[in-house]
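Presented sequentially are two complexes of chain A, the first with chain B as partner and the second with chain C.
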Partner chain A sequence: MKRAALLVVGALAISLICLGISMAADPIKVGVVLPLTGEQAKFGEIEKNSFLMCLEEINKAGGIKGRPIELLIEDDTGKPDVGRSAVEKLISQDKVVVLSGGYSSSVTYAMCAVAQQRKIPFLVTTGSADKITEQGWDYVFRLNPPVSEYPQALESFMKEVAKTQSVAILHENTLFGQSGSKEFAALCETAGVKVLMKEGYEAGAVDFKPLLVKVKAAKPDMVYMISYIMDAALLMRQSKELEFNPKLFVGGGAGFTLPEFAKNAGDAADDVFSADLWSPKVPYPGAQEYFDNYGKKFGSPTEYHGAEAYASMQVLADVLKRAKDLTPAGVREAMLVTDMKTVFGPVKFIAYGKKKQQNQLPTYLVQWQKGTLETVWPKSVATKPYVYPILPWAEKKK
Partner chain B sequence: MKRVYVPLALLIVLILFPLVVTDAYYQHLMILVLLWVAIGSGWNLISGYTGQVLFGAAAFFGVGAYTAALLLSKLDVSAWWGLPLGGLVAVLIAFPFGWICFRLRGPYFALATLALNEIFRHIATIWESLTEGMVGILVMQTFISKIPYYYIALALAAGSVIMIDVVTRSRLGYYFVSIREDQDAAESMGINTVYYKMISLCLSACVIGLAGALYTNYMGFIDPKVVFSLHDISIMAILVGIVGGVSTVYGPAMGAFIMVAIQEVFRSGGFGLLVKLGKATGWPVMATVTKYVSEAHVLSFGLLVIFVILYLPNGVVGDWSTLRKTLLFWKRETA
Partner chain C sequence: MEVFLQTLVAGILKGGLYALIGIGMTLIMGVMGIINLAHGQMMMVAMYITYVFFHYIGLDPYATLLISMPSLFLLGVFIQMFLLNPLMKVESILPENQVLMTVGIGMVLTEIARFIFTSNYLSVKTSYSTAAIHIGGISFSVALMIAFIFACSLTVGLFVFLIKTDLGRSIRAVSQDGEAAEIMGINAEQIKIVTMGLGAALVAAAGSLLLPIYYLFPDIGGPFTRKAFVITILGGLGSTVGAIFGGVALGLAEAFGATYIGMDFEDMIGLILFLLVLIFIPGGFKRLTKV
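On to the complex of A and B.
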């Protein structure tokens, strides 16, 4: 008897809880899928924090026509099949009107395919493989530029300032490294710059000296490296040890722009250039504030991935505000005519080349000068003049 | 008779499943389960029945997946042809590998399969002109609905379970078990151990390769890190086998279901239940709990394996009678 009574009470409690949920103010549901565990968790965390930071500001300002936005953040664990599970769940169970997120390209691709099939708009935050917006999918929008466009600013710098004749390309064997290096090699060839060597290494390697000795012997004007944090720092430290002095060291974004790079590489980081998509000093409204607020709130600096996430949330809020009706089709209509400024730059989804509904952004060249990252190219947005040619290691020591 | 009726009833339930449960999310999860049933069964044949522990299931899985993807991207042949061919190519890889490595026994063979896994991952990563390297290969999905994929996966899963059942009850199966129990004794009885180990490996590779090709068709995107993954494919295959029950016919099926369910329950925080509870009660503790639970799925795999090895060394299916007795006993006591 006692047990039966307990059961009844329990059932009542659960149904009351359910009732409470459905009676609360009716938020607009938005699904976000990010890698919160696994190898990419570090970046997933930055993006998640940025999404939530922007969400808080939007909801504090009254939300969308009085309704708050609710973010349903799911973990893709860095695996395509899990990412797909997450999207299926968000669409069929949570009934979200729009999806966002997507860090690694393989996961992003698998998720976008589902979104397209189920006709739910997907705003890609980071997944950068060119192919994602080349499928003719009309429900997939991408905020960040594709990986092939990362070194645009570098190209003009090489042509106008450095007059580079030959390059050596080193890259980690990941999607980012392989496709980035391939695009850069093609870009050099059309510009008449000789590619002396192009070598990949296993991500996470520690001894680069055999590789660097080979590069040194080839005597390139410039070394272009696509690496993450630890390998980026090690490449520079070991170049210094080997007294390897090309005219230019350039990183292809990623590891070379993070604060940890300067910390790990020490003075070997000085004068190193890098392609970059964003820095707090870019001339976009709110960029510096976002950077400062993030640092204050989470106690660690943010970088371009975080800015992408923050901007994604800004775009989503803008789109939801403009949407005539809050259905996936209505949101898609509104997203098509997006034309706004975010912390990550102006956002407009256009078709060019093989791509569709892709946002185009200028890229930058940054340089480490005395431990701080300065934007040096294009000149119109430069925070400091560039240092070129860079001094050989031996002279720097003095 | 029970031997036939229970699986038959299960099969009918599985056939009816997508017609009853139309939610695409659950259909997707079931497709993953069925895929893992096939991979787990393949692993079980060579590792469970024949005793040659395979640490490199991903080598065959990835080769099958790449066969299907390359057919489309290089030869413009439908990736569906990759389904039979994926199995075949996996066998073609298994054959020379077995030829060389069946000289090795026990842990040495296991390490060789691990190496095979890594070799193929590196080849797929570095040979960019063929495989596109880490950029990966895209295949457009043929069907929007999940139902065709579901039935193909079901056919593959059921086929591999039936294959195991038939093989292990045949003369072949007894040879396999005798090799596992004592290879030297089997040899002295006149069993050509290399020959039969080879048959076992090729059958396993075929099933796993088929699963890989189906993965390509279903997921639509592969890259070396995904399909040659040591952690997500090779180790997962072993976990599916161990949790379900090594050298039991239905073990991998049970293991696949448990592993996919656990991963999903943890990832989604008990299918979103924890989040709802947190909201309803308003306790900030719930948010922290949810966060840790959803980050703990890897840990949960580890704990599960420790639990299974300690208390159910033959897996859930292998120790079913013990498990049932314990549960019944527990029930009687609480009632």
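On to the complex of A and C.
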């Protein structure tokens, strides 16, 4: 990771020379922790690219009061203990004034605890388990909505279009999966939708068929799945194999919105819905531009995780610009009164329910149609009309 | 009833593949007296070979068996000749320092794979990856059935080899009593080299057969090493017949556990079975069959 940091410094130095900005300006150090290796590396990569893309633009435009920002990016490898020590290192050794990143919920939770203890503000990019902002931690801010709010758009779709009567919930048994499934079950019950079953599974399983057979026998209208990419792909491939035909397959974000999901699931991904937090068509300034630029620069499409990272960098720049003094306490003060527009949506840290310093955003429903991810609900931002009801597998064969 | 039958079918089909993974390990265990903790990682290497040939040349994963098995045979031979055999001659505090060596080999293989292919998830999609035959409401996955048939025929082939050929007899002799075999004029060192290659080739077959229905990334080896270890213990160390029973038993236990207890406990169920066997039939299924 030292190397990556060195590279960033190197790139910064070169761009500074090119722009002819005085080299005397000391960079402002910001720590970012993401999973760059291990099973979640794919998400970490998109987020890292987006962070750096935004950073480049900010520094090109003169940085913060003439000083460039320097990102120190550390790898948490998807493990809470590694994340913890990465944060410790960034605080004690690198003396960063503010922290960001945080992909997996379990890792983010562990890192935020350290940040709170050491009184360094932490802007959470993705980690979405509800309890992260429910601890009363006053140094933890969260940009993305908590996992319980992911299915907002889905809820109205279920009510207005699908008229869903019963659901089966499948989730990986991690903090993210358990938190999400519990909240979704509660949401269904208040909406009068019967929850037929709620089953966990261990990530990385070879054969989901025993589980799927059980779900199939319960005959739910809809299956809601909280999974990362490869489990998501296998769940869909094996549902197809079993000719399991509920009226709706819905993913709860995470794995279901990545291009890798469609690549690995093949035609079994067609017509699968997913909760989503972002689409290039959202009416926020710079969203479409970010999407296009990312595709041009990295040759592969970005999605909501990338937008979260890009927006985190925008917020950080805005906060550092407004901070009266560049100390952790000063940055926290400035972060508290954030009120700005990012590519990911308006950002404002508010307290509601049990949550504190949490940003609130609308969510969307997307659907895979012939290998592309289309936003289908709410209608105001739809890129394509939704396909519903979906055809049974047997009739889909061309 | 349908749920029960489907679970049974899923368990047996998966068990066939598990058996193939376990047989290689148990064969090595029998002859060398060590557990090969790089077994799953060797399978990972075979899967990458399969992937490369499928992706760049368009070769069917089943056809790549002809490439992955010989390549892994050579890898096994190389490992045994240059990494494990020399260790046997060295006096050390730990008599099983070869086991530690296999752990190291596993790590090196994983990191080499990460260096070449990065951590990305890869999968091969063939026309039969998600195809299934439906009989009376029960679905039989085509890819898993082909894998099952291959696994059975490879196992039968292995038995014929072990029972009928001179080399096979020598392997069994070394497995039963290495010193006695040496007195009878068998070159035990050479037999060990061949056995390691054979074990690696068998797990390579399992890898190539698994790829169409699963996916691939560098860290995939660990969980399968663990599974192979459980199967070997279930079957009784060194027993090839036992490994078949062990594989199918593990497949069934996982499938029924997933259906009737909960899929969150899939790994736990396998390990509970493992503990029960250790406590009640310490010799594994070998003791029940006496083969």
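By our rule, the second predicted complex is superposed on the first by the 373 of 398 C-alpha atoms of A that agree within 3 Å, B and C clash if a C-alpha of one lies under 4 Å from a C-alpha of the other, contacts with A are read in each partner's own complex, and residues count from 1 in each chain.
As a working rule, a residue touches a chain if its C-beta (ideal position, glycine included) is under 8 Å from a C-beta of that chain, and two chains touch if they have at least 3 such contacts.
It should be emphasised that the depicted structure is a prediction, and the values quoted were computed from it without experimental measurement.
> Please indicate which partner A:R118 is in contact with in the superposed arrangement: first for chain B, second for chain C, both, or neither.
Once the two structures are laid over each other on A, A:R118 reaches chain B alone.
> Please indicate which partner A:S106 is in contact with in the superposed arrangement: first for chain B, second for chain C, both, or neither.
The answer is first: A:S106 touches chain B but not chain C.
> In the superposed arrangement, does A:M230 touch chain B (first), chain C (second), both or neither?
Touch status of A:M230: second partner only.
> Of the two partner chains, chain B (first) and chain C (second), which one does A:F208 touch, if any: first, second, both, or neither?
Second partner only.
> Looking at the overlay, what does A:A86 touch: chain B (first), chain C (second), both, or neither?
Touch status of A:A86: first partner only.
> What is the contact status of A:E199 with respect to chain B (first) and chain C (second): first, second, both, or neither?
A:E199: touches chain C, not chain B.
> By the touch definition at the top of the document, which applies to A:N144: first (chain B), second (chain C), both, or neither?
neither
> Based on the superposed arrangement, let me know which partner A:N173 touches: chain B (first), chain C (second), both, or neither?
A:N173: touches chain B and chain C.
> Which partner does A:K42 contact after superposing on A: first (chain B), second (chain C), both, neither?
second
> Can you pull the chain A residues that chain B and chain C both touch?
In chain A, residues 37, 173, 200 are touched by chain B and also by chain C.
> State the interface residues of chain B toward chain A in the complex, per the touch definition above.
Within the complex, chain B contacts chain A at residues 23-25, 28-29, 32, 125-126, 128, 133-136, 138, 140-141, 144, 219-223, 225-226, 232, 263-264, 267-268, 272, 276-277, 279-281, 294-295, 297-298.
> For a test of understanding, state which residues of chain A touch chain B in their complex under the given definition.
17-18, 20-21, 24, 36-37, 74-75, 77, 79-82, 84-86, 88-89, 91-94, 105-106, 109-110, 113, 117-118, 129, 131, 135, 173-179, 182, 200
> In the complex, go through chain A and note every residue touching chain C.
Within the complex, chain A contacts chain C at residues 37-39, 41-42, 173, 199-202, 204-211, 213-214, 217, 229-230, 233-234, 237-238, 240-243, 260, 263-264, 266-268.
> Which residues of chain C touch chain A once you look at their complex with the stated criterion?
Result: residues 2-3, 6-7, 10-11, 14, 114, 118-121, 123, 125, 129-132, 134, 139, 141, 210, 213-215, 217, 219, 223, 254-256, 258-259, 262-267 of chain C touch chain A.
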